Structure formats: C-alpha cells, structure tokens
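Structure below; questions to follow.
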Amino acid sequence: MTRPLRTAAVFFVPVVAWACYLFLLLPSVIVFPISFGTGGEFEFPPRAFSLELYRQFFTDAAWWGAMTQSLMIALMTALATTVLGLPAAYALQRASLPGAGLINGFIMGPLLVPVIVLGLGLYLQFAPWNLLNRDVSLFLSHTMLAVPFMMISVGASLRHLDPTLENAALIMGASKPAIFFKVVLPQLKAGIAAGALFAFLISFDEVIVAYFVTGPETQTLPVKMYSAMRWELSPVIAAASTLVTVFSILLAIGIMMLQRKEKQQ
Amino acid sequence: MTKDTFRISRRSFTKGAAVAAIGLAAPSVITGRARAADKSITVTSWGGDYHKSVEEVFAAPFTAETGIAVQLVDNGDMAKVKAQVLSNSVTWDIIDAPAAFATSGAKENLWEPLDSTLVATEGLLEKPNALYMPLYLYSGGILWNTERHPDGKHPVDFAGFFDTEKFPGRRCMRSLAPETLEAALVGDGVQPKDLYPLDVERAFAVLDRLKDNISKFAATTPEQVTSVSQNEADFSYSYYNRVKSAQKSGTPLDFSFAQTNNSLDFFAIPKGSKNKEAAMQFIAFCLRQDRQTAWALRGYYLPNTLKSVEEIKASPNGGFLPDLASGKNVVINAEWWGDNYTTVQKRYSEWMIS
Amino acid sequence: MNAQMKPPVAPSASSPLDKEPALAHLAEPSTPNAAASDAMIEVRGLSKLYNGVAALSDVTLSVGKGEFVTLLGPSGSGKSTLLNLISGMTTPTAGKILINGTDATTLPTNQRGLGMVFQNYALMPHMTVFQNIAFPLQVRKIGKDEIRQRVMDVLKLIQLEHVADRRPRELSGGQQQRISLARCIVYNPPLILMDEPLGALDKKLREGMQLEIKRLHADLGVTMLYVTHDQDEALTMSDRIVLMRGGKIEQQGTPEALYFKPQTVFSADFIGSSNLFPGKLSKDKGGLMLRCAAGAFDVPAADGAFVAGSAAVLLVRPENIMVETPADASGRQQIAATLKDTVVLGGIVRHFLETPAGEQIIAQELNQPNRARLMRGDAVKVSWRVDDGRLLPAERA
Amino acid sequence: MSSASDVSFLSPRSATLLVAPLGALLILFFAYPLILTVWQSFYEGGFTLRAYAELATSTLFYKVLRTTFVISFTATLVSLLIGYPVALHLSRQSPRKRTFYLMLVMLPFWTSILVKSFALTVLLGHSGIVNQALGFISGGTIQFPMVFNRFGAIVGMINYLLPFMILSILGSLLAQDGNLARAAEVMGAGPFRIFRKVTLPLSMPGVIAGIIINFTLSIGMYITPALLGGRQDMMIANLIDFYTRQTLDWPMASAISVVLLLISGALVTILGRVRGGAGVMGVA
C-alpha cells in the first residue's frame, strides 16, 4: 500500500464518523434557536429572540396536555415493554422451547410490518371493542411496536450473560425468582435501560398508530403536531421539541451517571 | 358567556327558541331534550388553530345556550368514520367534512339524513344536500413573496399562474387533484361557470405544460406557505387564512383575491349517531347569522349564510370576501368530485410521479 | 493408544440395578467403600438420553461420606452429565439418585443443599467478593451479623481478607477460584461438586490449588465429587477415581489400583503412559505366553479369564522397561529395538524405540549423571520383569 | 465440556408462562389486526380478488412500488456505507468516550421526525444554511437543490435510519474477540486485510440485521419523503394512506399491505439465510 493511501485510510473512519455525528445532530440542534423565535413562523435564524413560543406552549392546555399525555403513554410503554419483554427474552434464551425460532420471528414481527398497515388494522379491531380513545389501547399498541427493540437490546445483554452464574446460584439454594432478580436482572440493567429508552422514544415519536388510536383525551404530542400541520405549521412545535430534547438528554445523562456511580461502588 | 353556564342556559334557551322561530333553526329540534344539562355531542375537527376557532365560535356558545356539552375530536377522517359506522360503534355525532369527504361518505352510505326542516333552511349561499349541510367556503388562490416578487412581478390569477413566460419562477401546487384541475382549466381560459363537468383531458394537458416549473407538490397548507417563505418556490397555490397568520408574524407574503377557488366545507351526521337531535340542533346553531359572521371573521372564510355575507361586506373588514358574483371566482362542485374523485386523483398521482 | 469411545470391555463397567451392594463386583479391595447407610451419594442404574443418544447409561455408583471421589474421563464420557444429574440441573431418563440418604432424583437443584465449584468460577460480576460469598447465606435468610462473621472467617481461611470489597474481575484467576471455593464452603454443604475447577489455571497455580483443595477437604471433612479430564490431577487428589467411558463406568478404584492394576486397555491407556502388546496367548511350560508382533513373551500369572488361544494385550509401563546395550543382556523378557529418540524431562529420561516389526515402545528411567548416553539409531535391547507386565483382555473392535 | 450447555435452566412450562403475556399482547395487538387486514383484502361481502386484480393492472401501483424500492434500497445502502465506519469508530473508543458519542448518535431520536423534517429544509433548502455557505464561498455561483427532490427524501430518511444501522453493527463489532484481530496482526496482516478477513465477516450478522431493519423501516415510511421529497418520491405507504383515508377503498389498501408484507417477509427470509443471518432475530 502506498503511503498516501494508508494516510487516507487512517483518516477515513474518524472523518466519516464526525461528519455523520454532525449530520445527525444538526437538524436537532437547529431547532433550539428556532424555538426562541418570536412566534408566528418557523424561521431560522429568528428575527428576534424571545420566549414567546414557550409561553404559548405552557399557556395552551392543548399543547402541554398533549405533552404530558405523550410522556405518560411513553412511560407506560417503556414499563410495559420491560415487564412483558424481559421475561419473554429470558425464557427464550434459557429454555429450549419447541418452536422458539417461530416465537422469536413472531415477536420481531412488528419491526417488519409497515406501521400504516398496523394502524388501520388496529383501528378496525378497536372500534367494535370500544377500545378507541383509551390510554390502554394506545400504550399497548406502542408496546407491541417497541417490544422488538427491547428483545434485541436485552437479547444482546443476555447472550453475554454466563448461564453458569444462574446454575451456581441455583446450587447455592436460591429460588428461580430470586435468581432472576438478584443475579440476572442486575447484569441486564444496561440492556434493559437501553431497551426501555428505545421503547420510550418510539412511543414518544410515534404518529401513525397514535393517529388512528387516539381520541380527544388521549391525543399525544406527535398527533397534535401532525394535525396542527394541516392548518398551520405552528413554531410552537419547535419549543415542544426543544423541551423534549432537553428532557431526554437529561434523562440519558441521569442514566449514565447512575451507571457510573454503580461501577464505582 | 361561557361562565355561569346553568343560569344563562335557561335564558339562552328562550333566546334560542326565538331564533329558531324566525327560521334559522327547526323548532322541532329544540323541543325535547335540549334542556338536559348532562347531554353531550362529539364533533370532529382538524387540530391546531382551526380546532380553537370551532371551540370559540361554535362549541362554547352552543353549550352556554343549550347546556349541551360539545366535545371536539381532532382528525375525524373518513377512514375512522367508516370504521365506526361499519362496526356499529359510532361515537361521533357531527363530522366536519371537506367536500370530497362529504360526497364520498354519502356514496359509502355513512351519513344520517338531515332533518327536513334543516334541509329546508332558507337564506343559504349553497343549498344543503339531504345528507350534508354546507357550512362555509374557503378560498384558495395565489400566494407570493412580496420582497422577491413585488407588484407586477407575480401572477394574481390562474391564467398568470399557468403562464410561465410572463411570470417565470418555481410553482408549488397541491398534491390533490380537486381545485388544481379547476385552476388549470381556468388558467387555460375556461370560464368558471362552464367548468363542470370538468374536461379532465384538457386539464392534464395544461398541467403537462406547467410541470417543469413545479418545484413542489405540497400535501398540507403549511408546506405551501413554507415553500414560498423559505424560497423553495416562487408562487404557490394556497389559502388566505394561512397566509394571513404568516403576514401577522412579519413574513413578507401576500395572497390574491382576484381569482379564487372556493371549496365547501360540510357538517354531516354519521349513521348510527346516538345524539342525532342535538347534532341537528348544533348544525342549525352554526348556521345562525351571528355565528357565521364570527366564524368568517375569525378564520377569513366565506360564510354560507347570505345575511352574514352581506353583514361582513358592509363592514370595513370585508376585504377578504371573494365576490362569487363576479364570474371570475370558482365554486368547487362537490357533487362532481364525489363521483370522480377516486379516478381523477389516481390519475393525478400517477401524473405527479411520472 | 486409543481413547475414542468404544463399547466397554471390562466386566466392571456396569452392573445391573438389582446387584447389591453396589460395589460388590469391584475387583479392587482397597476402596474406602461404604455401606449404603453412610453413603453421601448413591446412584443406581442412572441413564440419560439426549435426543435418543445415551449420554449416560445405567450407571451405579456410591460415594461415602467424607470421601474425595474423582470422575475422570475424556470429553463425552458422561462425567459432566453425571455431575449435572447429581446437581439436579438435568433430570435422569432412568434410575435413582440418593443424596445423604434421601431420594433426590426429582428434587429441584436448589433444595439439594449442595455446593459446586465451576471451571469458570461463576462469580457474580455485579457483586463484590464479600457479596459473592454472602450470597448463599442471604439465600438462607441468615442474619446480617452472622453473615459478616462467616464471610470474614472463610476469607481468612483462604487468606484473601484484603480483597473483600473488590469486584471479581479485579482479581487473578487463582484468587477468583479461591473465592469461588470460599463461597462454596461458607454454607457448609455436606457435598461439594467440582467441575474441572482448575482447568483454566496455569500449571503452577493448579498444583498449588490442588494442595489447597486437599487441605480443605481434610480440614472440613466434606464429601467431594471432582470432575476432571486430567489424569495427573485425579491421581494426585483422589481417594478414589471413577474412570468413565462412553457413558459408563470403565473402572473405579484408588489411584494406585487404577495405575498399577488397570483392567482394560482403555484404563491402562488413559492413566499413565503405557506400552501395549496385543497378541495371542498360548500355553508354554507351566504358564502362558503371549505371541505378538514384537516376539513371544512370558506373561504374569493371570486369572481364569485368560486361556490359551484367546487374544490378549500385554501392558508394560515405561518405567518398568530397561533399555540396554546388547552386551548387558540378562535373563529377562527381551526384545531387540532401535532407539529413535530420547527426551530428557528434568529428572526423567524418556526413550522412544521401535522394534524390527515396527512397534513403538516407550521406556522411562531416572535421569542420572555420568551415565553412558545412548545415541539415536543405536541398536538396543529392551526388557522388563515378567511380573511387571500385566495382562489385559483384548479390545473388541 | 461445559456443564450447562446441554441443560435448560427453565422448564418448557415455566418458559411458556414467561412468554405467554407477551404472546397474548402480540396476538391481540399484532396478529389479529394483520389477519383483519389480510381478510379485508379478500372479502367484500364475499370472497373476491377484485383488489388484487386492480393492483395487477395499476400502473400507479407499479410505479410507486418501484420508487419505494429504489428509495429504500438507496437509503439503506447509504446508511450502511456511512453507518459502518461510524460503528467502527465507536467500537474503537474507550467505553466512556463511546457513551458520549453514542449520545450524539441517539440525539436525533429525541427530536420529533416532523420537526426534524422542517429543520432539514431550513438546513438544506434554497436559502438554507448549507447553500448560503456554499454561496458565500463560491461568491454566489454554486447552489445545490437539496430538498424537494429525491436527494432530500433520502437525506431525511437516512437521518432517521442511521442510528438503527449504527447500533446494530456496533453490537456485532463489540461482541468480537479483540484477540482475533490481534492474532491476524501478529501473523502479518495489514489493517485492510484484517478488516476484510476478520472484522468484516464477523460483523455480518449486525450488518444484515441493520439492513433488514433499515429496509423494512424505509418501505413503511412516508411522512419524511412526502415532506422532503420531490413530486416523484411517492412511497407505497402513501398509497396505502390514500386508499385508507381518502377513497375508503380498504380492500385495496389491505391488498397493498399484503403485497408489502410478502415482500418484506421474503426479504427477511432471504437475508436471514445469508451466513450469520441467524442472529438477525436478535434473541435466539
């Protein structure tokens, strides 16, 4: 290999990586200044800076109501995804179930079906069962969408988990539930946190299924933004989005600090 | 007005009855259950500022007057209505339906027939159908940026919009066929009164000529506005109310009333609604002159009640009303689109992507 | 010279369930045998099939209280399966397991009260050393103060008190294995299973740990069942070795018995190194004689199983073989051979020889200074005392 | 011989109990709606193939299907080409730094896809930041049309897709034994050879998983391409939406969904068979 080629190779990976980080970040970052605009229009750079959009957001119950609704649905989704997905992932890893491959494929299914197909199907199903406009229908639908991510994330952690640890605990006299909570769970923390975060974000940003399933009391922020788009592109969504971004970053930093503290112990 | 609901509602009730008596609403609707304070109807809406206007202009005053609560639900689109009707679990009482929606809904047999008294309502600009009631009209026309295209440098009518030699520049158009085909035909010289039935072939021929100058097909109104404000297009087909709010925030946009397409928006009652009577009562209420005037002023719409039109025209704020009598403006024929929407929209989509 | 799975040949390899007492058929008398009542483990007619393939077939075994028994055998011989069955991590297809006098055949693992040490230590990475050792005590709902006391005691016993607050991954392999042992003995299980516990350690550490485990065994009086595929380890540590092959017990007995009195070619070959001369027996004067490719040898007196005309294998351990220059010939079993190679292993010298018939022979002797060296290619005589030979039944193909 | 590899820690019965709640959820909220959809595509008051027959002759459907594939394929390929070096970069960082960089990768997830689409028009538009910078550098001569065309659609999509690709490749890179690359290095292999012979083949399960996830997400997308794409960038999901919400022709919408399902099913099956694809499903 010639020297210039080698030099190019050395720089190739970091340069591409940094360009990519920039590309991923910019659209999110640019929303920040937009959110401090004067209101009325989506503009960059704003003509003047103000907190007008935030004032509009917090004084309009439809906005912050949708935001709290979204937060609640997303939290419930993250919780349900963990509660339902974790035992299943563990069972599939630690038992030789007949047809485990098929079960796996089935669980991964929601990842492989275009969401609009599911949106209509769910609507057709919920309408006669009088399940529309219920928080429970929405967060369970979102759970269905998010479960594959939990399975992938926890599955990766489980594969690194040495099964002899569980056998060792068993021989030492621990019950299987105790083993799950004291031996398995602590070691899956990172995987669960990642999976739950994914579930949270998927629910928080999901438009299409939510559009079909929600009603007036269950309207989520993305649906509110989406329907607002029909008549106006209210720059309030920039403020809403900034709030969400800041909130999520704080959440992520919190999780990171928690993990670090745990490591130091 | 929204406060102290119960006390006022008795008084308003008599007032409402009086209004009904002069023919704006059917007396039969008022009798019976109107006093039931626990009653509630659900009306669909479209989110954002539109939702707020309906709340302010129609829903809250109606509740204040009748004691019937009005719940507004966003995104009451046709698919949801059909699913409710099919599954016999109708939870909505009034559907706010744009033209194509109202007419297709009728074909799909989704609507409850309106009360005969309601259908017989007099003094309306557009006559009601047995299944759906026209509530107001909204005007679509040409939008431009006043800084990049000062007077004389932008089209004001459809002929100008389709004339790329006179007004070179990028166009933004709707991704839907209704209004677009009308604009094309009028732009090609067809008189608005001779439009229907639409000459679809001719319309597409006109669109073909413009195609290279179209930089964006917008699925939503905000996209039309942002495409011009962010310099992705020079002229766009758009709607005045949206332009108005952009103007308010200082964006240098303007809209021409020289020539507009005026589309109807309807109220219809889905088959199997459990609150039919209250729903009819609400529709009658919305057609009242004062409500229609308030609605038109709030959202820059053309009211469907003639007296309201006259009232606004006489006022200093009436500049936004298109003159339907001038012969230049188009009223979109909902029935024609009801019969042809699917075929023509498919063809339009195909044309768009090829 | 053949350690593959083959059908067993030794009469001792298995015994029917109804034959009592369990070890009655054993030829070796020196086994610290135990009556059924004070056996820690009693395994009767145990079989395990995986997808129709027998991993263990009809095994009967008894381990006395306080005994140190090693399960030895190559991969796939069934020793780990047997261990898993005793620990309860898998259930038998047939047979019975008694632990400490009670039927444990279907008892869940966590109710068997066992201890186990794993090859990969199986320490919880998310717990400190202290928490790891305290775990089995917490499971037993023992009070905080007592836990602290007992954990510190065992840490003292293994001389690792200073690492109590560290995480396992900060420790060396040997330290981790000692923690693993400590975690096992802290709750005084009457029976400790060890699954190749020293397999991941280097030679020097391994030898140190072997002694430490022996010391603990002696101090605690606990019963230990130890699995290994390393014959030296088995010979060093065990009271008794159970040699397994193809899902059955090939032979069991004390290390001496297995070394000096193997009953099958497999046993002879697996434990220690060996020279094997397959041939045919014939009558010669008062005794028997084996005719094989290398020549005809007198064989030691043997029981009635060996008769003239039958096939047999003669085993001679390398250390019993003398390598001499032809002049030194004296009245022993003697064959001519050529020296192919000599390897010096510190105190021991190993000669690799070949007979004119092409058979390989290994001889071993102590390395002594001032000794005349044989050169590669030298023609020599190899010889052994007739009594040092051992007659084995021929392997059935 | 490992002591536990041939032993199941959980009995089939308790495992079934643990999987059952999730199974029930998925049957109710995933399988049942899908069955309804399939049923819908064949049943209009009686069994009929009307929708499929109409699809078979619809040039609009074929065109949109082709567009969807071209766009999805391109978006997937581009995010693979970008995502791989990024995953490689991430895998070479210390855990602490990696957490930081991973946050950069995850950040786009925190921003609503709707907002991001508008932000991208601000960035890439005619008077957008990028074009203004280009104009400034070139003295106003150079401008690239970057939104409201296919480029814009794909840029918007990969902004959404990239994190999925990066994370799934990173997973299989981190699972690799560092000794293998070191061994290859000792044997005298240059960095390119090590990458080609060791790192790349071992990361194939992650690559394939990333491709599958990206592709299936792509073919179901429509809001981003609609907001950022040009007139020709109509996606199949758009067409489903059209039949679902605008013309109420649900048998057609369902039939298109069924076709889409079959295609993504076939894709998963084919890619799943590629070496290493067994790990695609994540858990097994």
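Order as written gives the chain letters A, B, C and D; numbering starts at 1 within each chain.
Going forward, a contact is a pair of C-beta atoms (placed from the backbone, for glycine too) under 8 Å apart; a residue touches a chain by one contact, two chains touch by 3 or more.
All of these numbers come straight from a predicted model, not from anything done at the bench.
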Fewest hops from chain A to chain D - one hop per pair of touching chains: 1
Which of A-C and A-B has more C-beta pairs touching across its chains: A-B
Chain separated most widely from chain C, comparing mean CA positions: B
Chain B and chain C: spacing of chain centres that average the CA atoms, whole Å: 91
Computed distance of Cα centres, chain C from chain A, in Å: 55
Euclidean distance of C-alpha centroids - chain A vs chain B, Å: 38
Numbers and ranges of chain A residues touching at least 2 other chains: 42, 120, 124, 164, 167, 170, 176, 226, 229, 233
Chain B residues counted as touching two or more neighbouring chains: 79, 223, 226
Sequence positions of chain C contacting 2 or more other chains: 89, 118
Chain B to chain A touching residues, read off their complex: 42, 46-52, 71-75, 79-80, 83-84, 86-89, 91, 220-223, 225-226, 229, 241-242, 245-246, 248-251
Partner chain B, residues of chain D touching it in the complex: 58-60, 63-64, 67, 118, 121-122, 125-128, 147-148, 226-227, 230-234, 239, 242, 244-250
Parts of chain A lying in touch with chain B, wherever the complex brings them together: 38-43, 47, 62, 120, 123-124, 127-128, 130, 132-133, 211-212, 214-216, 219, 223-224, 226-234
Residues on chain C engaged by chain A in the complex (per definition of touch): 87, 89, 109-116, 118, 120, 122-126, 135-136, 139-140, 183-184, 187, 193
Residues of chain B defined as touching chain D within the complex: 77-79, 82, 100, 104, 108, 175, 214-217, 219, 223, 226-227, 230-232, 341-342, 345-346, 349-350, 352-354
